[in-house]
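Listed next: structures, encoded as structure tokens.
Shared between the two complexes below is chain A, which pairs with chain B and chain C, respectively.
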Partner chain A sequence: MPSQPPLPHLLVPYLSDQTDSSLTLISSILGATSNWLVLRFLHAALSSSSSPHMPIGVEDQYDGKKRKVVLVSFMRGWEFWKSEAKRLGLDLTRLSSKQQFTFVDGLSELFSLPQNTKTRLPAQHAGAPARTALPLRSQSAVPDRMPPQATPADQTSSRGSTEPIAKKLHFSGHGITALNALGRDIQTVIEKQKISQDDEILLIIDQPDLLLASTGPSQAIGATEMMNWLTGLQLDVHSTVLTLAADSPLLHNASASSNQMANPTEAEHAAFSIGLAHRARSVMQLRTLETGAARDVSGVLRISRGGGWTVGDDNLDERELLFYIQRDGGVRVFGRGES
Partner chain B sequence: MSFRKRNVGLSAGADRSAASAVQPAPPGVIPGIRPSPDDGRPTTSTGTPSLDNLLAGHAGLPMGKSLLIEENGTTDFAGALLRYYAAEGVVQDQKVHVVAVPEQWGRSLPGLIGTAESLEEKRSDKRKDERMKIAWRYERLGEFGAGVAGARGGERLIIAVASAPAATGEQDPNAKQPPAFCHAFDLTKRLAHPSITNMTFIPFTPTKDSPFPPVLSRLQTAIASSAPNTIHRIVIPSLLNPTLYPAESCHPEYVLQFLHSLKALLSAYPTRVTAMITFPLCLFPRSSGVVRWIELLSDGVIELCPFPHSADALTTSGAATSQEESPQGMLKTHRLPVLHERGGGSDQNVGQDWAFILSRRRFEIKPFSLPPAEGDTEAQDTSAQGGMPKKSDLEF
Partner chain C sequence: MAPVNLSHRRTHNMLLISKLLSLRDTASPFTLLLDSLEQPATPLLKEYIRRAKLSKVHVTLISFETLRKPDGVDAFISTRCKSPTDIMREVAECHKPATTTGPPQRRLILIDAINPLLSSRKLDPNFQLAAFLGSFITPKDPTAKADASLVVTYHSDVPGLPHQNPYTPSSLSILTYLATSIITLHSFSHILAHKAARDRSLVAPVFGLDEEQDGVILGRLDRLAGTGAAEGIVLELEHRRKSGRGVLEWYLLPPASRYSPQHVKEVVTLLDDNILYNPPMEPDTGAGDEEPKSTFELGLTDRQRREREGVVLPYFDAQNGDGPGEGGRILYDMGEEDDFDEEEDEI
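Moving on to the complex of A and B:
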């Protein structure tokens, strides 16, 4: 299969055209995750203007302004985003040293601090021995292609230099004060990133709903508190992209039509995501095919206007598209019936 | 000229033995770890060859990933998978950490009967003898045991890689056989292996607060203080089962925080730790939001739906031939490691109907297929008596 452009052309208008103080909501389910779409947002915001796949008109709008991204991820670590972005041709390490990109790690130490400071040391060395398994395979399959010593040494040295610059979030304490402390941590990162007033910062928060589910009403954190928390973050940035889980148990158990009683987790999650959908300019829904799995379709992407869409914003057409993720990470996006 | 040169290079015995002399002891090769044929990331075996093959072309569980096995009903098929996983870890000299269960659990691990390949060879020999008896149209069905993904077509890579070590071993008797990736176990025997004492059991200590942080900190210190090339397996049997877990653990925020921290632990050591969790669905149904969060926090989610006992009639007909064992349940893949992290859905194995068979020596996962009206023998008999049209009548 031919390799795909990093940005599928059907998605370009949705990915690269964020209006001021807009909120874009991406909803995902268990079998259709949103990481690939977040990566496309990263690419749209960060790739250099010389990219041949970008239409010229899009670049003109951002004339003179620098676009920057702050990515807060509660579900994936730095290694994942770095390696997946590399597949798209984005070097996040380089971009973060150029102050264009910052990663905020909401996974590693959110609920548990490492026992001692030594913990990180073996973690980094651990990569080296296991990775030597890689050249071994190519050795047995294609002998004498390269000197066996070269590759491991290469990898360890490159690993050593890529020290993650990420800020690690930690949920310390209890309830709403702890939540606000997290918010302040993220705000500090945003402020640091904002060097001049012209900088346009895109804030991407990957699954803030995890924070809601894993703290919950017992700590007096509910949908309202989370919404206020997010509003506080949105004030500092140009536009925001959020990803949420939208599996049916999380949304539909809380609705009045369901027969069973919703537990607090479900009720708060439903209130949170529906509330956000009302505030969002656009909602991008990812789900699997209703008719079962297909060999050449990974899932359905539905783009619709959210409650925050204003009349006159004609750049946003509602569409339903199919997407297919190839083994190499490339994405094909097409309409129903097309291929 | 060029042809000749290449030929020399290929058949040169001296060249090969030199290469193989280097091969047996490359620095840092860890037994039980092999690169994924899909993208080269290190993987380890789950102890069940057909489950390895199910995992999205990686032919094993990628390191740093967790697998959640859910089970409906009161059977313990998931427990068998978990025991294979733990036993494989013991045999590969990996460090196995078992959460919540007492040490008796470790004594009930299935006994080692050899490598998975050796068992496979025996089976295929047997099948060759029987080949003439099996009708040609059913013959292919039995072959799925050899490699679930491989037989699907387009996945030949897996077979090629899996057989590559064996092939080189045959060509060059001097070469040391590479360590086996997966072993076969017998559920009726007990595992007796010198490193079985290396298993650690982490019980819950009674607390008023969340019972999980002490468990996590023990896991963290164990992993952090071990040698950098030690591989760890975290085994969590029957998560939240009230006979094993204190009542406080069922608070959604406690268990979700625990699983989130476990995910953090796995991503902090992306090449050294794997985890497998089993989860009883009859206590916590999938329609609940908390269970969905547990699934979302796992890298792979597999659901086992054993056939109810009354469905024996159905299950016998589910066997492809009379020689095949009948399936004992259905297996659903909801999420596969790495594949779904990227967006998912493009694997051949996704969306397939799988059935599983647990016998004494193996847990086999294969495509579920109903043979054409095998159970309907009565109807066939009566219609034959009533003047079934002869074959010659049907030919065009």
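Moving on to the complex of A and C:
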């Protein structure tokens, strides 16, 4: 199968065109994950500066504004995003040294103690192995794509913590105060990125529902608190892209029509994701084919206008498309009945 | 409720919706908008703001989910990290009554979503929703006429919190109890699809979250097959008059691109007046009288009708009481066109 362009042309208007202070929601299910779409968003925002044929002087200018990306991931580590972006032709390490891209790691040490307490608590020594164990997962998957010197460089930088490639989030403390501290950490990263007022920052948050599910009502963090938290982040950036899980039990068990009692996670998740869909300008829903697996279709992408879309804004066409993820990571997007 | 004919509804209910949306005479101090992802209330809120601007009403938006101040809003109050008391104070502060004589400026207070407040975990257990909402519309001076209208949106598809106290009513029950008007929003294309299914006695289709399909949050695709250009919002209005009588009506609000922002005449129409929802009858079946088609002539000429009325039926004769067996005989005058057959029957 021929290799595909990094941005499927049917998706270009949806990927590159983010209006001011808009929220784009990407919902995924277990069988149709959203990583490829997030990578396309990254590429659409960053590629104009990383394409090699651009002249040096204008390389990171786009409409007179600099486009920057802050990626906060609660589900995947830095190694995953780095190697996957490389398959698309994006060098995230180079971009982050150019202050165009920042990765915030919400996965590896979210609930483990910060490093300076390591000496005090020898039992919590697992913090360090956990950090190295998680990247190993993607290292083994694509070992040949990694430059051999990258791994020790990363380890020394994170050990030395002079300039870590990825800011690591720690959920320290309890309840709302801990959540707000987490938000402030992300805000500092955003502020650091925002050098001039013209910078357009795209904030991508990968699966914040993990944070909601892992803290939850026992820490007095519910859907409303999470949404308040997100609003605080949204105010600092130009536009926001957010991914969420939308599997059936997470949405429908809590609805009024279902007869069974929903557990707190289901109820909070449903309130969180439906509430966000009410705020979002567009909702991109990924799902598998209703008719079962197919050899040449990986899933269905439905793009709808969310509750935050207004007529005056722009023309956002609602569409339903099929996509196919090839073995090399390329994605083909096409309409029903087309090939 | 007795069915009211269409022309009566056209005059009275059209007047009512135009009064409600333009906030005249504070016909409804507290309007509740029940929306869902399939038909969000944003276009209707825009319409409220547009009409308020036309009639120079002060607009306050209490924002629980709007990020930036929309056009036409005079005071924008963000509620992030604020307690209900703070919100109440800010709303009171942002509108100073004019010192000049004359009628006070009317006021519209919009709440873009009440759900986040209701499911907040920081909420004081003694929080009274009725007192909170009432504080916005009660005039400070008890003798003054109420001049504020409150419009609250409630997302009916967002699940609420389970209640701490099982005996307290749900917040939706409180809201619907307090509201003087309830507008439930529907997508026009979905209403058309429901009607098409009903006309064929099929099960009504469901959309979006109701489909309960894995990975589907929103089902609304504007170009649904067969519905054509079915744009617009269907408003299902329940208005409670001061007398206690309720008015139920279905309206259609066309999309904002169909009219200019300065349009003064009423844009809302009755749903029953819409051509797509209620297609006009074919002229020959509508106007002609109900007659089965056949090769026989079943109608009567005027002469035939007169003669038929002149016939005295036998049981009238029987009532004269000429004795048993006398009345009730069939008296028949032979006409000249009659062909009498002696063998057929005996008289």
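Going forward, the second predicted complex is superposed on the first by the 272 of 339 C-alpha atoms of A that agree within 3 Å, B and C clash if a C-alpha of one lies under 4 Å from a C-alpha of the other, contacts with A are read in each partner's own complex, and residues count from 1 in each chain.
As a convention for this text, a contact is a pair of C-beta atoms (placed from the backbone, for glycine too) under 8 Å apart; a residue touches a chain by one contact, two chains touch by 3 or more.
Everything numeric here is computed off the predicted structure, so don't read it as measured data.
Trainee: Specify the partner with more touching residues on chain A, choosing between chain B and chain C.
Mentor: Of chain B and chain C, more residues of chain A lie in contact with B.
Trainee: In the superposed arrangement, which partner chain does A:32 touch: chain B (first), chain C (second), both, or neither?
Mentor: The answer is both, since A:32 touches chain B and chain C.
Trainee: Is A:111 touching the first partner chain B, the second partner chain C, both, or neither of them?
Mentor: After superposing on A, A:111 lies in contact with chain B but is clear of chain C.
Trainee: Between chain B (first) and chain C (second), which does A:288 come into contact with in this model arrangement: first, second, both, or neither?
Mentor: In the superposed model, A:288 contacts both chain B and chain C.
Trainee: Give one of first, second, both or neither to describe whether A:224 is in contact with chain B, with chain C, with both, or with none.
Mentor: The answer is second: A:224 touches chain C but not chain B.
Trainee: Kindly classify A:263 by the partners it touches after superposition: chain B alone (first), chain C alone (second), both, or neither?
Mentor: First partner only, chain B.
Trainee: Once the shared chain is lined up, is A:331 touching chain B (first), chain C (second), both, or neither of them?
Mentor: In the superposition, A:331 touches chain B alone.
Trainee: Where does A:278 make contact in the superposed view: on chain B (first), on chain C (second), on both, or on neither?
Mentor: second
Trainee: Overlap the chain B and chain C contact sets on chain A and report the shared residues.
Mentor: Dual-contact residues (chain A): 31-32, 247, 262, 288.
Trainee: Within their complex, state which residues of chain A touch chain B.
Mentor: Within the complex, chain A touches chain B at residues 30-33, 35-37, 74-77, 79-80, 84, 107-112, 114-116, 118-120, 122-123, 125-134, 136-137, 139-141, 143-144, 148, 152, 210, 213-216, 218-219, 245, 247, 249-250, 253, 260, 262-266, 269, 288, 292-299, 323-327, 329, 331.
Trainee: Could you please specify the touching residues of chain B with respect to chain A in the complex?
Mentor: Residues in contact with chain A: 19, 22-23, 26-30, 33-35, 38, 40, 42, 57, 63, 161, 164-165, 168, 213, 216-217, 220-221, 224, 226, 228-229, 251-253, 256-257, 260-261, 263-264, 267-272, 286-293, 295-297, 301, 334-335, 340-346, 348, 350-352.
Trainee: Taking the touch rule as given, give the residues of chain A at its contact with chain C in the complex, in rising order.
Mentor: Residue positions touching the partner: 20-21, 23, 27-29, 31-32, 176, 217, 220-225, 227-228, 231-232, 234-235, 246-248, 251-252, 254-257, 262, 267, 270-271, 273-275, 277-279, 283, 285-288, 290, 302, 304-312, 318-320.
Trainee: Report the residues of chain C in contact with chain A in the complex, numbered from low to high.
Mentor: Within the complex, chain C contacts chain A at residues 35, 37, 40, 42-43, 46, 65-68, 70-71, 80-81, 113, 115-117, 119-122, 155, 157-162, 209-210, 212-223, 255-257.
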